[in-house]
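Just below sit the structures, each encoded as C-alpha cells.
Both complexes shown next keep subunit A, but they swap its partner, so subunit B is in the first and subunit C is in the second.
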Partner chain A sequence: MNRGGYLVRRLASALATVAAAAVINFVLFRAAPGDAATQYQMCRTCSAEFRDYLRAELGLDRPLLEQFWLYVSALLRGDLGHSFQTRRPVWDELAGPLANTLPMVGLGLAFGLALGLVIGVVAAWRRGTAADWAPLSASMFLSVLPIQWIGLMLLLLFGGMLPTGGISDPYLRFSDPSWWQVLGDRLEHLALPSLAIGLAWCGSWALIARSALVGALGEDYILTARAKGLTSWRIVRRYALPNSLLPITTLIFLTFGYIVAGSLLVETVFSYPGIGLALYQAVQNRDYAVLQGGFLLLTAAIVVANLLADLLYLKLDPRIRT
Partner chain B sequence: MSAPLLEVRDLHVWFDLPQGRVHALRGLDVTVGAGEGLGLVGESGCGKTTAILAMMGLLPPSATVAGQVLLNGENILAKGEASVRRHRWTDLAMVFQGAMNAFSPVATVGAQIAEPMRLHRVAEGKQATARVRELLELVGIHPDKASRYPHEFSGGMRQRAAIAMALACEPKVLLADEPTTALDVIVQAQVLDLLDRLRTELGLAVVLVTHDLPVVGRVCGRAAVMYAGRVAENADIGDLHLRPGHPYSRALFSGGAIPGAPPRLDEEWPGCAFAPRCEHARDRCHTEAPRLVPLGARQSSACHLAASIAGGTA
Partner chain C sequence: MSKSRRRRAAQVWCAVTVLAAVATGCGADAKPATSSPAASGILSVGVTASLGRMTSLNPLADNLYGSWIARQLIYPALVQLNGTKLEPSWASKWDVSEGGRVYTFHLRPGAWSDGKPLTAHDAAWTANFELKHASDAAGLVSFALEGVKSVKAADDKTLVVTYAEAMPESVLTLLANFHVLPKHVYEPHAGGDGSKILAFRPEDKLPAVSGGPFTVTEFAGDGTTIFEPNKGYFGTPPKVGAVGLQVFQNDEGLAQALRAGTVAWGYGGGSAVAASVKGAAGLKVAASPSQEVAMLNVNTNPKKRDNPELKQVQVREAMSLALDRAELVEVVLNGYGRPGRSVLAPFQDEWIPKDLRADPHDPAKANGILDGLGYKRGADGIRVTPAGDRMSYSVVVWKEISRVAEILQKNLAEVGIELKPDIAADYTAAVTKPDGKYLDFDLAYSYWTLSPDPGGTLRVYSCDSWGSVNFAGFCDKDYDTLLDKQRGMLDPAERTTAVGTLQKTLLRDTRAVLPLYHAETVHVVRQDWAGIETQRFGPGLWTQIHRVS
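And then the complex of A and B:
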C-alpha cells in the first residue's frame, strides 16, 4: 500500500462522509413533522399570512429539489444560512461556542489520557497484582458515574478555589491584564470542566490501553524480547506500547468526537458557553438553521478527528508508511 | 564426546490450571557439548517446547519448575529471574516456534538485532551496526536490509534474520524450537544448512526441537527421544535408526503409525508411560517406572527390556 494512495483514499472517504451527513441533515429536517414556520416559537400565535411570508423568506415554499440545490450551493460557498432567532449567520452563531468547546475538550482529553494511559500501562505491566486491579477499578467506577454528577462533585470540592462557571472573568479586562493573566484566567475557567471530562473518560481509556497492551504482550515477539534478557518494564515500553498504540489511537480519536458532541452536560453544569449549550438553546428556540448547521459542524469535527487518527497511523505503523 | 556445556538434570515442570495440575516435564535429563547438535524429538505435546522454555526460565507464572539447568556446571535457575536474565542471549539464545513473528512489526530488523548487544554491553553504536551487517550477511541476507521492517521480509528471510538475531551476543547454546515447520522445503533446507554451518564454524551447541525426524539428522549427531515429559532414549541418530533401544524410538523411527495416544499429563502412573501402547510390555512395565540407563558408550534407554530391544531379540 502506498502512502499517497492511503492519504487520498482517507481524504475522499472523509469528504464523502461529510457530504452524506449534509444530505441526511437536509432530509431529516424536512421529514420532521411541520416546518420551521409552524414550529417557529415566536410564531405560535401569528396569522396564516405571516406564516406564508416566513415560508417564502426561508425558501420553504419552493420545490424540494430546488431547496436542496439552494442548500448545497450555499454550503459549498461556506454559507450555513441564518439563525431564525437572531438573523445572524449561523456560522457566526456557532464559531464562538465551538472555539470555546475545542480547548476544553482538548484539555479534558489530555488530562484523561495522561491518567488513563498511566493506569492502563501499569495495569498491563503488573497484571494480576493490586497495581493492576485497584487503580483500574477506581477509574472504571468514575467512568460509570454520570459526567454531570462528577461535575457537581468537582463544584463542591473546588468551588472556593477555582471559578465554577463561564469562560473568563468579566472584570479582568478593567485591570488592563497582561497576556499571561488572560491565559491564566482562561485556563482557570477550563480547569474544572476539563477535569470532569478527564475523570469521566480515563476509566475507558485505561481499559482500552490495558487490553491493547495485554493483547500485544501475548505476541510471539514478546517472548523473543524476554529471551533477549529485557526487563518486563522495558518490554512494555519498547514492544507492547508501540504495538498497541494503533488500536489505542483509533479508539481515542473516536471518543474525541463523542466528547465534542456530548459536551452539553458538562457545559450545562459549568455554564460554559460552548457548542453544546448553543445547540441546547437552539433546540429551545426551535432554531432549525442553527441546529442544522450545528449538526453538520459536529459531524465535521468527528470526521476531522478520524482523519487526524489516520494521519497519525502513517507515523505509527511502518506497514502503511511504505 | 566433548565436556557437557549444557546439562539438564531431573527437570520437572508443573502447570497449574483451573482444571488441575499438569505434570508436563517429569524428570528430563539431557546434555549437549560445544559444537554438538542435539535433537529433541517426540510427538506433539510430549514437552519439547516446555523443556526449551524452562531452560531459559521463560515459562509463564502458572508453571512450577524443579531440577537443574547447568551451564558450565552452574545452575542458572537457582537464583531466580534476575540472575537467569544475565544468561539470556549471552549464553543461551533461542529461535522460537513461529520465529517468523519474532520481530516487532514497528521497529526495523536491524534495531531489533542490535538491541541485545547494547543491553548486554557486547557492542554499541557503529560497532553494533557493523555487527548487525555481519550477522545478516552470515545468514545470507543483504546487510542493507537492516534498515527494513519485518513485513518487508519473506517468511524464510525472517526466519534467517531471527537466527541472526539469536547470534547477536555470541551465545554458546542455540535452542531452536521447530525452526523450519512453517517453511517450504527449499527454505527449510537453507535454514538447516545454516544451523549446521553455525554449529561447525562457530562451535555453537545446537538443541534442535522437531517432530520431523529427517530434519534432525541434517544438523544433529545425536537425539533425545522424548515421551510424556521424559527422555525415553538418548542416542546417535544412526543408532536410533538401526538399533533403537526403546520400543517408542523404534516405532517413531520406523515411520509407522503408533496405535493409541500418549498419556494425559494431568495424571500420575506407577509404571512406564509407554507401556499401554507397547507391544512388548510385561507386568513389570505397568508397575515400575524404568530409569534411563546406559546401553553402550553413546546410548541410553529408559526401558526394562532395552538390551533385548536393541539386540533385536524382542
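And then the complex of A and C:
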C-alpha cells in the first residue's frame, strides 16, 4: 500500500468513527428515562404546562428525527448546541474544563512515562534479578488498583502538604501574586491528580518498555555490540533502547486519549474542574446537549490520538510504507 | 542548531520541567502566607458538592442548596432566622393589622451594589412576579409566599403584605426565604409569560448586582465562588474581607482541607467529615438540632393495583417496628442524628406532641403482628399472603442512599418482608406512575430539609401535592381541612394541637409515613474563627463571623 492510500484510509476510518459516535450519543441520551424538563433541579414543583413549555423551548417536543436533523446540521457547522441548564454554548461550557484537564493528563503522562521507562529499562537490563521483578511487581500492583483509590490514598498522605481540591488557590489574587507564584500554585494543585494518573499507568508502561527492550536485547546487532566489548549500559542506551521506543511511542498516544476520557474519577477525588467533572454534572442535570458535545469531544480525542499514533508509525516504521 | 545541541536543549528543557514539578511538590507546605485565608481575613468556607454546588445565582433557575447559601449573602430578605425564631433583617420592624391578615414591613435604607437605591418597589416587583408565576417560572421559590394575596410598596421604605386569610406570625418564617431581586436587573428578562427569566444568568456579568452584605466577584458553581463586601449594604458591614465558598466533590477532600487550614469552616460538612477530622488539632465540631427528616413512605392510595396488604395499618406498623433506627443513625450518620420520630424535625420540637415517640426496634412484636394477620413465612423466609403473593416490595430510592437501603432490606428481612430497591432516574415519575395516579409504587424514600413553620411539611401530604412532592399517595379530606384551618389559627396553643393531630394522622392513625432518622446539621470550624452561629440563617450569620487572634 502506498503512503497516500494508507493516510486516506486512516482518515476515513477516523471520520466514520466520530460520525458513529455522534449518532450513538444522540440515541443513547434520549433512551434514558426523564429529560431536562423533568429533572429535580430545574422543575421540581412546576406545572405540567410549564414542563411542556420548557420541552418546547429546549426542542425536546419535536419528533426525534427532526431533533436528530437539527443536531447533525448544527454539528456540521461546528455548533455543539446550547446547554439546557445554563443556556450557554456547549463549547463554552466544555472548553474551560478541557483546558484544565489537558495539563493534568499531560503531567500525569510525563510522570508515569518517566517512572515506567526507568522501571522497564532497569528491569530489562537486570533481567532475572531483584531489580527486575521488585519494581516491576510494585508498579504492576499499582496499575491494577482503582485510580480513585490511589487518589484517595494520596489525598490522605499528602493532604496537609498539597492542595486537596480545585485547580488553583482561589484567594491568591488577593495577594497580588507574581507570575511565578501563579505557576507554582497551579503546579501544586496539579501535583496530586497528576501523580495519581502517573502511578496508575506507570505499570503498563514499565511492562511494555521491559518487553520491548528484552526483545531488542535479543537481536543479532546486540550480540555484535557485546562481541565488540561495549559495556552493557552503553548497549542498552545506544542500541537497544532507541529500537524499542516504537511500541512505547504508540502506547503514549493511545493512552493519552483514554486518560482524558477517564479523568472523571481523578477529578472527582481532587475536586478538579476538568472535562470529567463537567460531564458528571451534566449527567446529574440531564443536560443532553453538554453530554452529547462532551462525549463527542472525548471520542474525537481518542480517535485523534489513535490517528496520530498511526501517522507516527508511518514516520517511524519504514515497513508500513512499503 | 546541530543535532547534538538540539538534543542537549531538549534534555535541559526536560530537566527544568521535572525539577519544577518536583520543586513545587516538595515546597507545597511552604505556601506564601499572603495567600492564606486566615492571614488575609478571608473566610474560606468548604462545602461538599452534594450540599453546596450551584448552577446559577438566579434563584428562579436554581434551587440547589449552594444557590440558597449564596442568596443569603447577596439578596436581601425581609426577615431572617435564628433557629425557628424570627429576627429583623431588611425590615427593621413590622406591624400586624386586620386581625393578622395584613403585615406592614418598615424597611431600612440601603443600596444595590451598583449604586441604585434598594426600595420597597424592588420587593413588591419580586413578590408580584413570583405570585403571578407561582406554578411556572417562579415554581422553585414561590413557596416562601404561601398564603400571600398581594404585596404593595406603600412608599420606598414601607412594604405591605396582605394574606388571603389571617396568619399567625410564625408563618412569616417562610419570608426568610423570600429574597428580593434587583428589579432593574431582572425585569428586562421577565417580559411576556415570564419564562425567559429562567435563562437569565446574573453571574455572566460580575460583580453581580447585590443588595445583601456581599456581592459575587467570582462565580464557579462547582469550584470556588468569591463574595466581597457590598458597600451599600443596609446592615452591619461584614467583618471579613471576603468569603470564598469552595465546593469539594467528596467528604475526604473537605476534611483534608480543614486539617490543612485552607478551609476555615466546613459548612454543613456532615457526619462523615466530622468523623474524619475527629481529634484534629485546631478544629471543633458543632452540631445543631436537626432540620431534616428521612422517611419511608408507604403507598396509601386505596386504588393501588397490587400488594393490597400494604393498605393495612397493622402491616405498616409491623414494618415500622422492624426498622432499627439506632443502626441507621450510627451507620448512616456516624451517630450525628436522632431516630426518626415525626415528619417534622427536632428543631421544630415545640410543634411535635410530647407523646409522639420514635417507634422502638422490636422485630419480635413486628413478627407477632404479621403472624397474627395470617402471613406465614415461605420456604425462603419471605412471608406469603393468603392469596399466595410474597410480601416482596420495591422501594423507590436514589443511588446515593445505598447504605440506607441495605439496612432497611436487612431489617425487613428479619420479619419476613423482602425489599427491592428501585433506583429512580425521575423520582416523581417513578412514585406517581402511571400519569400521577399512584397505582404502582409500594414504598418510597424521601428526605427533606424543613422550614421552621410546620405547615409546609405537612402540606406535602395534602391532596394538592398529588403528582408532585406527595410521595405516599396520601389524600384525606379531613386532613386537608384541618391543614387549611391550622394555618389561620392565631392562638399558638390551638395551632400546636392541630399540628399535632395532623402528625398523628400520618404517623399513627394511617402510618402512611415511617420516619427513619433526623440528621443533625454538622459543621466543622477552625477554632481561630468566631461568630459562626450554626443555627442562624441569613445575613446576621455571615456578617458576625471574624477571625480571633
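Here is the rule we use: the second predicted complex is superposed on the first by the 230 of 322 C-alpha atoms of A that agree within 3 Å, B and C clash if a C-alpha of one lies under 4 Å from a C-alpha of the other, contacts with A are read in each partner's own complex, and residues count from 1 in each chain.
Throughout what follows, contacts are C-beta pairs under 8 Å (C-beta built on N, C-alpha and C of every residue); 3 or more make two chains touch, one makes a residue touch a chain.
Since the structure is predicted, the reported quantities are computational estimates derived from the model, not experimental observations.
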item	value
Which of subunit B and subunit C A:Leu152 touches, first, second, both or neither	second
Which superposed partner A:Tyr239 touches (first subunit B, second subunit C, both, neither)	first
Which of subunit B and subunit C A:Phe111 touches, first, second, both or neither	second
Comparing the two partners subunit B and subunit C, which touches a greater set of residues in subunit A	C
First, second, both or neither for A:Gly218, with subunit B first and subunit C second	neither
Touching partner for A:Tyr53 - first (subunit B), second (subunit C), both, neither	second
Which of subunit B and subunit C A:Ala227 touches, first, second, both or neither	first
Intersection of subunit A interface sets (partners subunit B, subunit C)	none
Contacting residues of subunit B [partner subunit A, same complex]	56, 58, 61, 85-86, 88-90, 93-94, 96, 98-99, 101-107, 115-116, 119-120, 149, 151-152, 162, 165
Touch list for subunit A against partner subunit C, complex	32-34, 38-47, 49-50, 53-54, 57, 85-88, 107, 110-111, 114, 152, 155-156, 158-167, 169-172, 174-175, 177, 181, 184-185, 187-188, 191, 195, 267-271, 273, 277, 281, 285
In the complex with subunit A, residue positions of subunit C that touch it	17-18, 20-21, 24-25, 27-29, 31-32, 34-37, 40, 42, 44, 46, 49, 53, 55-56, 61-64, 135-137, 139-140, 143, 193, 195, 199, 201, 218, 220, 222-224, 226, 241-242, 244, 246-250, 252-257, 259-260, 262, 425-429, 468-469
Residues of subunit A that touch subunit B when the two form their complex	128, 219-221, 223-231, 238-239, 242-243, 316-319, 322
